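Each of the next two complexes has subunit A plus one other chain: subunit B in the first, subunit C in the second.
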Partner chain A sequence: MRGHRALVSARFRALLQYRSAALAGLGTQLFWGLIRVMIFEAFFVSSVMSQPMELGDVITYIWLGHAFLVVLPWNVDRELQTMVRSGGVTYELLRPMNLYNAWFSRAIALRTAPAMLRAVPLLTIAALFLDLQAPESPEAGLAFVISMIGAVILSAAITNLLNVALVWVTSGERLTYLAPPFVVLFSGNIVPIPFFPDWAQTAIRLMPFSGIVDSPFRLYVGHIPPSELGFVLAHQLIWSAIFIVVGKRMLAQGLRRMEVQGG
Partner chain B sequence: MPERRPGLWGAFVGVARRTFRKIEALKGVSFTIEEGELVGYIGPNGAGKSTTIKVISGILNPDSGRCEIDGLVPWADRVAHVKRIGVVFGQRTQLWWDLPVIESFDLLRDIYGVDAAEYEKTRNELVERLNFESLLNTPVRLLSLGQRMRCDLVAALLHKPSILFLDEPTVGLDSVSKLAFRDFIREINKDQKLTIILTTHDMDDIEALCNRVIVIGNGEILSDGPLEKLRKEIAPERLLIVDFVEENAQISDVGARVVDHSGHRAKFSFNPEEISASDLIARVTAEHPVRDLFVENPPIEEIIAQMYSENSL
Partner chain C sequence: MRILDNIRVYLRFLEVSVKSQMQYRASFVMLSLGHLAGTGIEFIGIWVLFERFGSLKDWALPEVAFMYGIVNIAFAITDAATRGFDAFGVMVKSGDFDRLLTRPRSTALQLAGQELTLRGVGRLLQGLIVLVWAATALDLDWTVLKVLLVVFAVLGGAALFSGLLVLQATLAFWTTESLEIMNTVTYGGVETTQYPVTIYRPWFRDIFIFVVPLATVSYFPSLAILGRDDPLGTSLLFQYLSPAFGFVFLAATLRVWQFGVGHYRSTGS
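This part shows the complex of A and B:
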């Protein structure tokens, strides 16, 4: 455990150094956030039917989404990609740690450090100038925080599965480029999930991606009452367990067939 | 190993149908190493050296055979086994690229679960011995090769392993660094009875450090024993090089083969079993006045090369 904590911490600190990327990301997220807010405002003004969420909640949801965008498993640890390609995985296997667990620790750092760099300034700006509302209630706020922890775990589990895919050089790498857009769409980041057509709702709610940002945000705005936190966590943790088990199996298989280069 | 037929057609066929060629990387490699030995493990490229090292470190799972290190089977008890070994790969660093050296060390301490006080003592001793206190706060990516190698050595020793593997550790090092490296290795081997296995292409390293050399070729062991034994087996002959006062002196049969004779210098190749160096010198100097002479072993490099080519490697 000590080793894993140290790994998370080291990777976290290393990722915090990427400030210019965060700054650029901040600018992008502000820009796109404003556009989406405008779209939804127009939508609400011109719509005749009642909507699943109120405009104020939608705006808050949008800003939360942009602040925490990088919590989504939208990228993999590219350092691992280089490592696999260069044969550096050898060194990873020389350490007295389970390889999957070690990579999971890295994934946790990858899903939190960049998010902190972007979320703190963005949420501050959004709260001051852009109609980001406070949580519906203190319970809602607490539920939000707890569900975000679950979200990070789930996202790390998905990220780590993609990390493991990198062991299959080329074909695995392709997967790591294809998966993110898929994830982003079904996470509620383009359109909040309640706005998807009714026939799609059940399917999307069952999928793991909604657990990463949609559920925590809807807890925040009160669209999901705090009493349902248990369901949200269960959804997140069951999916996490599935991704972790699959990931571990895949890694074991991948290592067995991996050609360790050099003679 | 997947195989692909050459050419464009081969590439298309390769997409449809994958054929695999079985390569026996190691066949019948067998040896025992006692605690405290400093063994050289050499062979031509592709001989199976790195494969052996990877099997021994528990990274690769062999198809057959037995391996036991300090009572553990490497690939079966990987985590426990790996805590007792240290590895330095000359071509790659095990340190974290963007972190300062000291943070890499601290991280390793946590990963290997070393007691904090012990770690500090070990680290300070090593840092002092290898003289890089000033580098501790530098990120690894800014170090020169010689500096990085020292850090990698320390990193491999922080958890006090009982066995140290060195894979091409002196590649790219300048002469000063190489000599310092050899001194250090000799020292830790002697003082701490640390078992060390060295694979390298640098025969000077082997000559300077190893009293036992295992030669592997084509996945088999070609020779195992002291360097002297290797010499006797492959190239028992020595060279006597004489600078005569006269040019083109007439040399009668002195019991040695004249390998070269141009101008003042003559080279004799002789077998010390048949005629001793001193006898030969006596015979040669008896005939003509001599300005200078020296006795040489054929360079170990040539001996090894000969061995490799004899086994058509």
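This part shows the complex of A and C:
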């Protein structure tokens, strides 16, 4: 456990070095968020029908989405990808740690450090000037924080499954092209899940991805009451467990047939 | 003759690029599918919102889809044909740009011909599907002139997006680094102008009319084709001619590029 903690913290600090990228990202995210906010404003004035969420809640949801965009499992660990390609992955095998757990630790750092760099300034600016609301209540705020931990674990489990898939070099990389669009759409990042057609609601909520974006954000705005935090956590953790088990199996199988090339 | 010769060289560049990418056919197919899905979810998002709200101000889904199609096709063409400018920051950093300067062709031509990125075919296909669906769903009375305007708008849009990439690359002469912030006007521009610009707040709308004139290739020509009145009060003639601003913009950015090349200092090594 100590080894893993050290690994998370080392990667976390390494990823915190990319400050100028985060700053450039901040400008992009602000601009992008503003477009989304204006589009929703325009939609809301177009319809007198009652909507599944209020405009203020949607705006808050949008800013949270941009602040925590990189929590989504939208990419793999670049260093691991290079390592698999160059053969450097053999060093990883020599380390006195369980390989899956070590990579999982890296995934945790990958999903948190860049997000922190972006979230703090973005949320500050959005709260001051761009209509980001405070959490619905202190309980809602607490439920949000706890569910974000669940979201990070779930996202790291998915990220690590993609990492593990890289061991099968070509087919693994194909998975990394095809998976992100589905993750982004069904997490609620493009449109909050409550706006999806009613007939699709249950299916989308049962999928793992809503646990990364939609559930924590709706806890924040009070659209899901804090009393339902248990359901959200259960959903996140069950899916995390599934992804971890599958990931471990796949890794074991991948290592059995691994050929190391080059020297 | 010079121009014809340049075009011939450019096509030859592209041919080589296509051949090399076709060596990895399966990878190409998967990348394109990924792109198709990646850009397709944007449209699913729009569809979801129209399902809920019915309309956007007084715009219906097929009308917005029409603009969406034009903008995405235009951007896909640019994305495929001017990749060299996109990766230009790397070239400046490594000093590879020096090599281009020694060749007897213009630098802009060589950069544009660097690579024809075929994976953009995903966005192109998606844009085409949406545009064709919109055109049939709208039940418009098509005239030759309107069809020509669609082509004009797409080409004008591709020119405008190319101009933006040229501008982004030009900045790298001074910053030696590609600026992510420019993505706000390229990718952000695609996002913005796939909706009618009149839905935005006036200051924001004006940016996309006067500064980065993307509205001239999506919004104004679409009004003419859809037969809608413009709340901004432009004339039909203006709407037909407005995609020309895309070409004007590209010409202007190429002048800025020339200026940048004049100020280029190699990073050495």
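To be clear about the criterion, the second predicted complex is superposed on the first by the 261 of 263 C-alpha atoms of A that agree within 3 Å, B and C clash if a C-alpha of one lies under 4 Å from a C-alpha of the other, contacts with A are read in each partner's own complex, and residues count from 1 in each chain.
The working rule: a residue touches a chain if its C-beta (ideal position, glycine included) is under 8 Å from a C-beta of that chain, and two chains touch if they have at least 3 such contacts.
Since this is a predicted model, take the numbers as computed values, not measurements.
Asks: Touching A:Leu128, do we find subunit B (first), subunit C (second), both, or neither?
Replies: In the superposed model, A:Leu128 contacts neither subunit B nor subunit C.
Asks: Kindly classify A:Tyr177 by the partners it touches after superposition: subunit B alone (first), subunit C alone (second), both, or neither?
Replies: second
Asks: Identify which of subunit B and subunit C touches the larger number of residues of subunit A.
Replies: C
Asks: What is the contact status of A:Tyr91 with respect to subunit B (first) and subunit C (second): first, second, both, or neither?
Replies: Touch status of A:Tyr91: first partner only.
Asks: Is A:Leu7 in contact with subunit B, with subunit C, with both, or with neither (first, second, both, neither)?
Replies: A:Leu7 sits against subunit B, while subunit C stays out of touch.
Asks: Which residues would you name on subunit A as touching subunit B in one complex and subunit C in the other?
Replies: In the superposed arrangement, which is not itself an observed complex, subunit A uses no residue for both subunit B and subunit C.
Asks: Provide the residue numbers of subunit A that touch subunit C in the complex, in ascending order.
Replies: Per the stated touch rule, the residues are 21, 24-25, 27-28, 31-32, 34-35, 38-39, 42-47, 49, 51-52, 170, 173-174, 177-178, 180-182, 184-185, 190-191, 195-197.
Asks: With touch defined as at the start, can you tell me which subunit C residues reach subunit A in the complex?
Replies: It is residues 26-27, 30-31, 33-34, 37-38, 40-42, 44-45, 48-49, 51-58, 179-181, 183-184, 188, 191-192, 195, 199-201, 204 of subunit C that touch subunit A.
Asks: Applying the document's contact rule, which stretches of subunit B touch subunit A when the two form their complex?
Replies: Contacts found on subunit B: 1, 25, 45-51, 54, 57-61, 78-80, 82-83, 85, 87, 89, 92, 94, 96, 98-99, 103, 106-107, 110-113.
Asks: Would you mind writing out the residues of subunit A in touch with subunit B in their complex?
Replies: 2-3, 5-7, 10, 13-14, 17, 86-88, 90-91, 93-98, 256, 259-260, 262-263
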